[in-house]
Structure formats: structure tokens, C-alpha cells
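In the two complexes that follow, chain A is the common piece, with chain B as its partner first and chain C second.
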Partner chain A sequence: MSKLNETDIQGFVLRGYNLPYGRYILLRFENPDRARALVSKLLPIITTGQRWDNGKPQSTVNIGFTHRGLAALALPDATLLSFPVEFQQGMKKRADILGDTGLNAPARWDDVWHGNDVHAWLGINGLTATALDDCCSQLRSLFAETRGAVELAAQDAVSNMVDGQQTGKEHFGYTDGFGNPDYLGIERNSQPGHGKQLPDGSWAPLATGELLLGYADEAGELPAAPIPHILASNGTFMVYRKLHQNLATFRSFLDEQSAVYGGGREKLAAKLIGRWRDGTPLELAPDAPDPSIVKDPQRSTNFTYGADGAGTRCPIGAHMRRAHPRDAFGFNGKLIDRRRITRRGQTYGRFVPEGELASDAEERGVVFMVLNANISRQFEFVQQQWIEYGNDAKQGNDKDPLMGNHGGHGKFVVQGDRSATNPPLVCAHLPSFVELRGGDYFFIPSMTALGMIAMKLVDPR
Partner chain B sequence: MSNINGKVYAMNAITPMKPWKTWVLRLIFFVLGHVKSLQQDLINLSFIEFARWVVVPRAGFPQFGNGQEPEKLTYDYLLFFSNFNGTWNQYIDAFSAVLSKGLNLIWQWSEKFPGSVPVTLFKEYIGRVQFDTDYYFTAYPHATANDLKAAHAVQASYDDLRSRVNSLSDAEFADAYMSFVLQVQPNLGETGEAPVVF
Partner chain C sequence: MPNNSGKVYGLTILSPILNDDEASPSHDLQIRSYLAGLSTGRESPFAQAPGTHLARLVVMDDVIFVGAPAVEEHLNSKYLIFESNCDPGPDGTIDSYLQGLAEYAGAHLDAIWSHCVGYPGASDRAAFVRYMKACQLETTFFFAAVNDKSVPETLRALQTQKAVADFVETHQGMQPGQLRAEFLQLVATLDAAPMPAVASATVSREMKIGGRNE
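Let's look at the complex of A and B:
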């Protein structure tokens, strides 16, 4: 396949910027003409997928719209009605499907999500805090100048720093961001374990249509997309979820359970997710972390679960084995190739190193963003069937130990063996380590589509 | 009336076949029925409790007398009946992704079958020929096939341990108990409510 038209695709879709400072601004449109005027003004500053030959820019800007936002921009009804149902409904109405109930129920979300006012999302990233602020003031002057949008809320995010260095660590201390898939046509430093597994055991990129609208997907079809085709093509859908982390609960859980677990505290932390906290996969190094594996792209994601059917290395219910089961369900992973998602996440809140006092009540967590061509088939399926349920993993109704909506009723089995340092363990009455604080589904249009929206040229035919 | 009872979905699909093609399908069924390895992919889809295809010949429909006129049917029919766990979409997606050749072999003799790939046309076809379930009994609505297999494995290990427990010394019991835990540890998932259908 030839290269994609990178200048037509929003940069955020093609790559994680890995810039340390982020701000996610949520907008409400007041008037369709003025909102379109704002989109016109934003067009030249939206960051595209064009390669950065001169290094990283000071800041980046990307944009997405909820279905209500597209309606507020007065897109034709025929187009609005052609979007997939789950996007038309928005994430709040899908709460029962997603298991966003109890502690994660919409009634408990941040205020900004309580109405139905969120029309657009602006994702801004900066190399420095100053660059981020400068970019945001430029944007805010555009809001004021066009009177096109009201800023409802701004969510700040910042990569966790350890010893003054930017890290990929989230608040529980795990190094994150290993497993994003490769897609045909998207330039990236590819490594084994990304993409899909072939019958001979090698790895290949997923079909472009698993990420982008307008291209064939893994079933050889074009993903369901709105009309006209040119509005959809080179666009995608984003799931935005603000995930609060109960750090004190997490740490006291590790303290209590490791007191009775022969593998110790760090191994228990590793068993929850499938990687040691430095990122070493348990499948490759079950006894101790090995930094040489983490640093080696030929190895850090290059493993399968076929030889560990009993889960004595990586537990069958561990987070990573659920979210990306690789070959765990047989058929060389063919059952999972149309369930992959691309994740863009950034931490928010103060990083508290181990040993310092932390509280659950402090604002702290991950702004978790998922990109996929089909929210229902990809994100919603993974969330419902693999995170909040366990039948495909043969774990019954057990949920993802780390991400599950447990509310004090969760269970997690750590499969073990006869050795003293890898014994079996059943963790019962699991609390919720992570709670949902809001979010929605957004359409991330191509640059062409943004222009069409701005110029009122969307013609459903 | 529902196709769904707890964690289980019952699917009936009935498709017409030109009678001469029925003979080809019977030959294929004969081979599939006798070469067990050809059934393995279907069996390995762990969320399928049951799947069966049956030819209903046009002369095979019941005649009760009492004035019931014999029907003049021009087609034979293929009845497909399956019980599975999970969503309708998940089921057809999996069929299309991993069993497409086998499905085509069986269904291509039916009228207007579009092939099992691409999946959207296949789903449209199944939607058209599917008949909703009038009455559906399932003994364990809170359990999937995997849950039942897991429960059997746990029960068998437990029964084995219990049958030996009185003859064991403390040290032997500790060892036997550890063996029991290691045997059952992959099979300890909870049963419960099915996820919301979508």
C-alpha cells in the first residue's frame, strides 16, 4: 500500500506527540455561522500528520466534534443521521452497555458532562508549559473574536516527572504506552508485537480501515461511515474518558495483599497488569524486571500467551492479556484483529512517588483517549466484553483487576505454581482502583472535512 | 419471545436449496461428519455451545391427514440451529473471520447466499433468513459454556480431593490441596448477569 496523505489527516490520529504538557478544552457552539467562522480560523493552526523535519513544534492543536456539535454546526440532517448509532447517542447514553454504572455512573461525572453541552474538543499539547499557555491564549482570542464558542471546561494534563525527567509512567507507577498497533500506510518505527500476528508467527500491520475511515478494514470492507464519503475519509472516531485513579486504595491493596503473597509487592503489581512496573513483560521475564528487554524494541512487545495457557507467568485475567489478548483465544489472534484500538493517554494531577502520602480524593488520573474506526466494534466491545466481563478469557464475570468497575465486589485470580515466589493467590472484594469522571465520543475529521464544515459545503447527495 | 435467555442466544436460520444441490451438501456433510479434524475450528470457538445444520427435504415435512393438503415444495431446506454466548455481531464476526471456508462449503448451495466474506453482506443474509425463537429454555442463564466447563473441572478436582482426604497425613494433605488449587486456578471465574446486549 502506498503512503497515506498525511497532510489531510490530523496529526493526533497518526502519532502520539509525546509532548509533556496537555490541555483539553471543551467547547459549546452558540450559533452555526459563528461556529463555522471559528472552525475556519482554526483550520490553519490544526496540526496535521505531516512529518516534523525540523523537530517537534512548540505546540500542537487538534479538534473533534460530538454529534450534538455537528448538529450545532448545522450539518445537513441526512449527514447527521448517517453517523453510526453509538456516535449519535454519545457515551453517556451507552453507560449500561459500557458498564459505566455505580461508581462510574454519569451522575458522578464532572459537572461539564452533566448537561448535553459539549460540542467540541480541542486537544492542545506543548513542549513547555509556556508554549501550551501561549497556544491556548491564541485559541481563546479566536473564541472571543468570532464569538463562535464558549469554553465550558479545560482539563490540564502533564506527563509525570521523575527526577525532573519526563516519563511514560502513570500514577500507579506503571510505564505505559507499549502496545499501540501498526496500520498499513502509517509510518512508524514498527516492532514485533504491534499489529496482527500471521499464521507463521510473524507480525504485520493492521488494515488502515481499523483506524481511518475510507480504507478497507480487516474484513476487507470500508468501515461504516457518514455520508458523503469525502466528509468521512481520512477521519476517525475518538473516545475520551477521564479516568480518576484511587492511588491510596491501590497502594494499601498492594500492602495488604503482598503481606500474604509469597511473590512480594512488586510481583503482585506486575501480575495485575502483565508487566513489571518498569514495563518488562511477565511473559518474557516472570521472575524479575529486565530493563534490557524494555529498551529493546525487538523484544518489549514481542511475546504471545500460547505457551502460558495456565497463566502462571501472566495471569489469565491480567489487564494487558485482556485488552490485547494476542493469541490467547486461539486462531493465531484472528478473533481479535478487529477489536484493536489506538490509545493516546496523558496523566493529570500531581505525581506522588512511592513512600509519600497520597489520597484518593486528590484530582489524579489519566485522560484516556481511544482512536478507532468503529467505536461499537472496537472500543465498546473491548470495554464491555474484555474489561468489564471475562467470558472470552474464560474468567466468567470477573473483570479487569485494574480497570474494572468493582465497587468492592471484584475478584482476581493470580495463577501460580509450587514455587515459594510464585504461589497462587485469590484477591477478593476488590475495590475500584479507577473511576470514570466523564467523557464522550468525538468525530475527528480530516482537514478536507474540516474545510467543508467551515465553508458549509457538506452535501449528503 | 426472545432469542436471548441470560448469557445464551439461540439462532435459527432456514435457507432454501435447489434439490440437486442437496445431494452435494449431503456428500459434504458425510465427509465433515467422518473427518473430525475438519470440525475442530468450530469446536474451538469456545463461545459456541452448540451448532448444527440439518437438511429438511421437501418431501420430509410432516403430513397429519385430516384434510391437510400435501404441499408441493420446489426447494429442499437447510436448517441451521445454534446456541452461543455473546452478541449476535460477535458470533457472525467470528464465523466470518475464522470459519469462512467451512461456512461457504455448507451454505453456498443455498439460494442467494452471498458468501461469508465480506461480513456485512453475510450479516444481511443471516438477518433475512433468521427465524426468531418462540420459546427458549436454558437451565443456566447465568452461565456460559466456558462457565459450565470450568464448573465441571472444579467439581471433578474437588471430588477427587474429597475422596482421598481421610487417608492423607497432614503433609500429604497439604500437598494434595496444593495440587487441587493448581488444577482449579484457571477455572474460578464468577457466574452472573450477562452484559447488556448491543
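Let's look at the complex of A and C:
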């Protein structure tokens, strides 16, 4: 397939900007005409996938709509009803399917999600805090000028800084952001381990239709999409979840368990995710972190689990092995090629280095955003079967040790061998290290589709 | 033996549903309504009957015409389909399983199959077994996700697995002498433990599963 039309696709879909400052503004539309006027004004500001030959811009803006938002923009009924069911329902109604119950139940989410008012999401990223603020003031004057939308809430996010330097570290101290899939036609610095594995062991990009609507997916089919085709094509769906991290609970868990675990605290931390905290994959370096691997794109995501069936290097239930099992289920990874997701997360809240006092109550976590062509087949499946359940990985009812909704009842098995430094360990009565604070499903249209929405041109006939 | 996969028997029964224009609701709807109310958990009559790994009941209305170039075809009758992955008797036949069904789930079977042509009722065991076998089709090819163990073997294994997992969790780091003593105690307790109740290994999950998501 030839290169995609990058200027028609929102930039956020094609690449992680890796800009340190973020703000996610949630909007409610008041009146369809005024809302469309606002979208028209936003049109020239939205960041597209066009490459940045002259360096990064000061700031970026992207936009997405909930189903209620598209209804508030008065899209034709025939179009609204053609969206996939899970998108029409929205994330709150999918709580039972996602395991968003107990501590993660919608009743415990942030206020902004309690009504059904969130119509649109504006994702703004900035190179500096000032650039972010400037961009947001510009947007806010457009809200006021058009009276097109009310700002319901703004979620700030900022990459964690260590010694004044932007890092890829999330709050538990792990370096994140290594693994994201490659797709056919999307230009990117690809590296082994990013796409899907072929029978000969090499890696190839996934079908474009696993990310973008309007293209063939891994089954050679077009992903389910709304009508008309031009509204859907070059668009995608985004899952937005604000994931709170209980940092104090996490650290005291590591303290308690490492007192009985012969591998020590850092190895235990690594076993939970599948990477040492600096990012070294356990599969490649089970005994100690190796910074040379982290820095080498030919190696940092280039590993498989097939030769570690017993999980003595990377536990079978480790987060990364669950969320992207690679070849672990056999059949050359064929069973998982339709369960891949693209992650665009950003941390929020104050970063507290190890050794300094942290509390669970402080606002802190990840604004976890997933892009996929089919929310039900991709994100919802991964969340339900691999994060909140363990059967595919032969881990019974065990959930993801860090991301699972445990509520004090979780279990995690660290497989081990006979050596003193890599013994097996069973952790029981796991608390919830991560809690859901809200979110929803958004449609991220192409630039053409956004223009059609703004100009009232969407016509399903 | 196409009905067998290792130790497991793949039972397929197709019973024609009574076609009575006078009946309202129709017999097939009455079956559907009864099935919709049946428990799928450990209270399921099919779980209570010995030797069931998995059972499924389906009402088949007709062959659906999917448009040209397919040819439009129809069934002569509506059918009740019963599929079960179960333990056959020591002689390899299905007779003892069917008798167990009649014994443990007779009332439910009667409520369901009384809407089928020629059903004799479960109380006459011999007639019941004859009827079911007359409705049986060769399964020819099936996959049983049950590790080639019988239902009692599976229940025992799950009981042991759970007990050992709990033991490991609570005994990590214990001194070898005491560990050995406590482990021998565990083995003795397990040896003496009664056979777990059917479906007792089921863990209730809060999550809504099935449908388009699994």
C-alpha cells in the first residue's frame, strides 16, 4: 500500500508528540450551529500528521467527539445510528464489560463524568508551560467568541522531570513508551518488535485498518465504521481513561514483599511489568538492567516469550507480557494481531522520586489514551481478558498485578527457578495499585470529516 | 471413534420440535422461554447430573437464506439441539451418562423435551435412553477444552491446585523442617477431603462476559 495522506489525518493519531506539557479540555456543546461555528474556527488550528521538517511546533491541538457530542452537533440520525454499539453507549455503560466495578465504578469517577455532558475532547500539548497556556487562551477565546462550547473541565498532564530533564518515567518509576505498533503506510522510525511477527521471526507492520477506519485490517476486512465512508475514512477511535496511581501503596508493597523475595526490590519491581525500571526488558536481561539495550532501538523491543514458557525470566502474568503477548500463545502470534492497541499516555500529578514521602491521596497517575479502529475488539478485549482476567495466559483468575481491579483480593505469581536470586514468589491479597477516575470513548475524525461536520455536509444517503 | 476425543465424549442430539399450529405460544417458543430461565451456573441441572463438562442447548428454527448466490433451503422441522461434552461410561458408551441425566435432571428434561416429537419422558429410563440415542448424530469432529480428564478428576485437580496455591502463599520462607511437616499435613487433609461438589470450582466473576466480547 502507498503512503497515507498524512495531512488528512490528525497528528495525534499518527505519532506520539513527546511534548512535555499536556492539557485535556472537556467540552459541552450548547447549540449545534454555534458548536459548528467553533469547529470551523478550530479547523485551521488542528495539528495534522504532516511531518515536522522544521522541528517541533510550540504546541499542538487535536479534537475528538463522544457519540453524544456528535448528536449535539446534529449529525444526521442515519449517521449517528451507524456507529459501533460500544461507541454509541460510551465507556460508562460498558463498565460491567470492562470490569470497571468496585473501586473503579463510575460512581467513584471525577465529577465531570457524572452527568452525560462530555461532548468533545481537546488534546493540547506544548513544548513549554507557556506555550501550552498561550495555546489554551487562544482556544478559550474561540469558545467565548463563538459561544460554541462550555469548558467542563481541564486535565493537566506533564511528563515527569528528573533533574529538570523530561523523562519517559511514569509515577511508579518505570520508563514507559517503548512498545507501540507499526502500521502499513505510516512513516515512523520503526524497530523490531513494533509490528507483528511473521513466521520467519521477522517483524512487519500491522494492517492499516487496525488503526485507521477505511483501510483493510488484519482480517482483510474494513473495520466497522459509520456512514458515509468519507466521514469515517482516516479517522479512528480513542479510549480516554484517567488512571490514578496509589504510589504509597505501591512502594510499601515493594518494601514488604522484597523482604521475603530473594531477588530483591528492583527485581521484584521488574517482574511486575516485564522491564527493569530503566526499561531493560527482562527477556533480554533477566539478572540486571543493561542501559545499552534500552538505548538500542534494534534491541529495546526486539524479544519474544516463546522460549520462556515457564516465565522464569519474565513472569507470565507481568503487565507487558499480558498486554502484548507477542508469540506467547503460539501460532506465530496470529492470535494477537487483532488485539493490538496504540498508546498515547501522559502522566499527571507531582512526580515523587524514590525515598521521598508520597501519599495515595495526592492527584497522580496516567491519562491513558488508546487509539484503535475497533474499541470492542481491541481495547475492550485487552482490558477484559488480559488486564482483568488471566485465562489466556494460563494464570486463572489472576488479574494484571499492577493494573488489575484487585480491591485487596489480587494474586500474582512470580515464576522462578532454583537459584537464590530468582526464586518463585506468590503475592496474595493484592490491593488496587491503579484506580479509574473516569473517561469515555471518542471519535477522532479526519480533517476532511471535521470540515464536513463544521460545514454541515455529513450526508449518509 | 468420532464421538470421542481422548477420554471425553462429544454428544450431539437433534430432536424435532412439535409442529402444532394450534399451540400458542408455539412449542419452540415454549422451549426458548424455559431455556432462558435455566441457570448457567452451578445450579444448572446439567451441572448437577454427573459427568457433564459442558452442555449447550439451542433451538434451531430454520436455515437462514443469506442471499444469492446461496440457494434457498429450508428444514422440514424446527429442532432442539443438545450438545454435551461428557464422561462416557466404562464401556465407552453414553448410556450411563444419559441415565444420570434422567435421574438428576428428569423434571427439567421433561419440561424441555415434552415439546419434541416422540419424547417418552425421563421416568421410563430405558425408553428415555432409547429415544435420546435415536436422536443422536455422530459428532464427527469436536474440540474439548478439558485436558483429557474426567469430571471427578478435574474437580479433584482444581481442589488440589487451590489448596497448594493457598499453601504456597502462606508458607513462603518457612523453615524446611516445619514446612515439610505442614506439607505432609496438607497432603493428608487433601487425601481425606470429600469429593468437591459439582461446579464448585467456579469462581464468580463480577465481569459481564460473553456476547461480542469473547
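A few comments on the model shown:
Throughout what follows, the second predicted complex is superposed on the first by the 461 of 461 C-alpha atoms of A that agree within 3 Å, B and C clash if a C-alpha of one lies under 4 Å from a C-alpha of the other, contacts with A are read in each partner's own complex, and residues count from 1 in each chain.
The rule is simple: contacts are C-beta pairs under 8 Å (C-beta built on N, C-alpha and C of every residue); 3 or more make two chains touch, one makes a residue touch a chain.
All figures in this text were calculated on a predicted structure; none of them were measured in a lab.
Of the two partner chains, both chain B and chain C are touched by A:411.
In the overlay built on the shared chain, the residue A:260 is in contact with chain C alone; chain B does not reach it. Legend: residue contacts after superposition of the two complexes on their common chain; A:182 is shown touching neither chain B nor chain C. Of the two partner chains, chain C is the only one that A:102 touches; chain B does not reach it.
In the superposition on chain A, contact of A:337 is made with chain B only, not with chain C.
Taking chain A as the reference chain, the count of touched residues is higher for B when chain B and chain C are set side by side.
By the touch criterion stated above, A:426 is placed in contact with chain B and with chain C alike.
By the touch criterion defined above, A:310 reaches chain B but does not reach chain C. When the two complexes are overlaid on their common chain A, residue A:435 makes contact with neither chain B nor chain C. Comparing the two interfaces of chain A, the one with chain B and the one with chain C have residues 96-97, 99, 376, 380-381, 384-385, 388-389, 397, 411, 426 in common. Against chain A, the residues of chain C that register as touching in their complex are 165, 168-169, 172-173, 203, 205-209, 212-214.
Chain A meets chain C in the complex at residues 85, 96-99, 101-102, 260, 376, 380-381, 384-385, 388-389, 397, 411, 425-426, 428. Here chain B touches chain A in the complex through residues 7, 41, 44, 46-47, 85-86, 89-90, 93-94, 96-98, 117-120, 144, 146-147, 150, 178, 181-182, 185-193, 195-196, 198, going by the rule given at the top. Chain contact summary for the complex, chain A toward chain B: residues 94, 96-97, 99, 218-221, 309-311, 316, 329-331, 334-335, 337-338, 376-377, 380-381, 384-385, 388-392, 394-398, 411, 413, 415-418, 424, 426.
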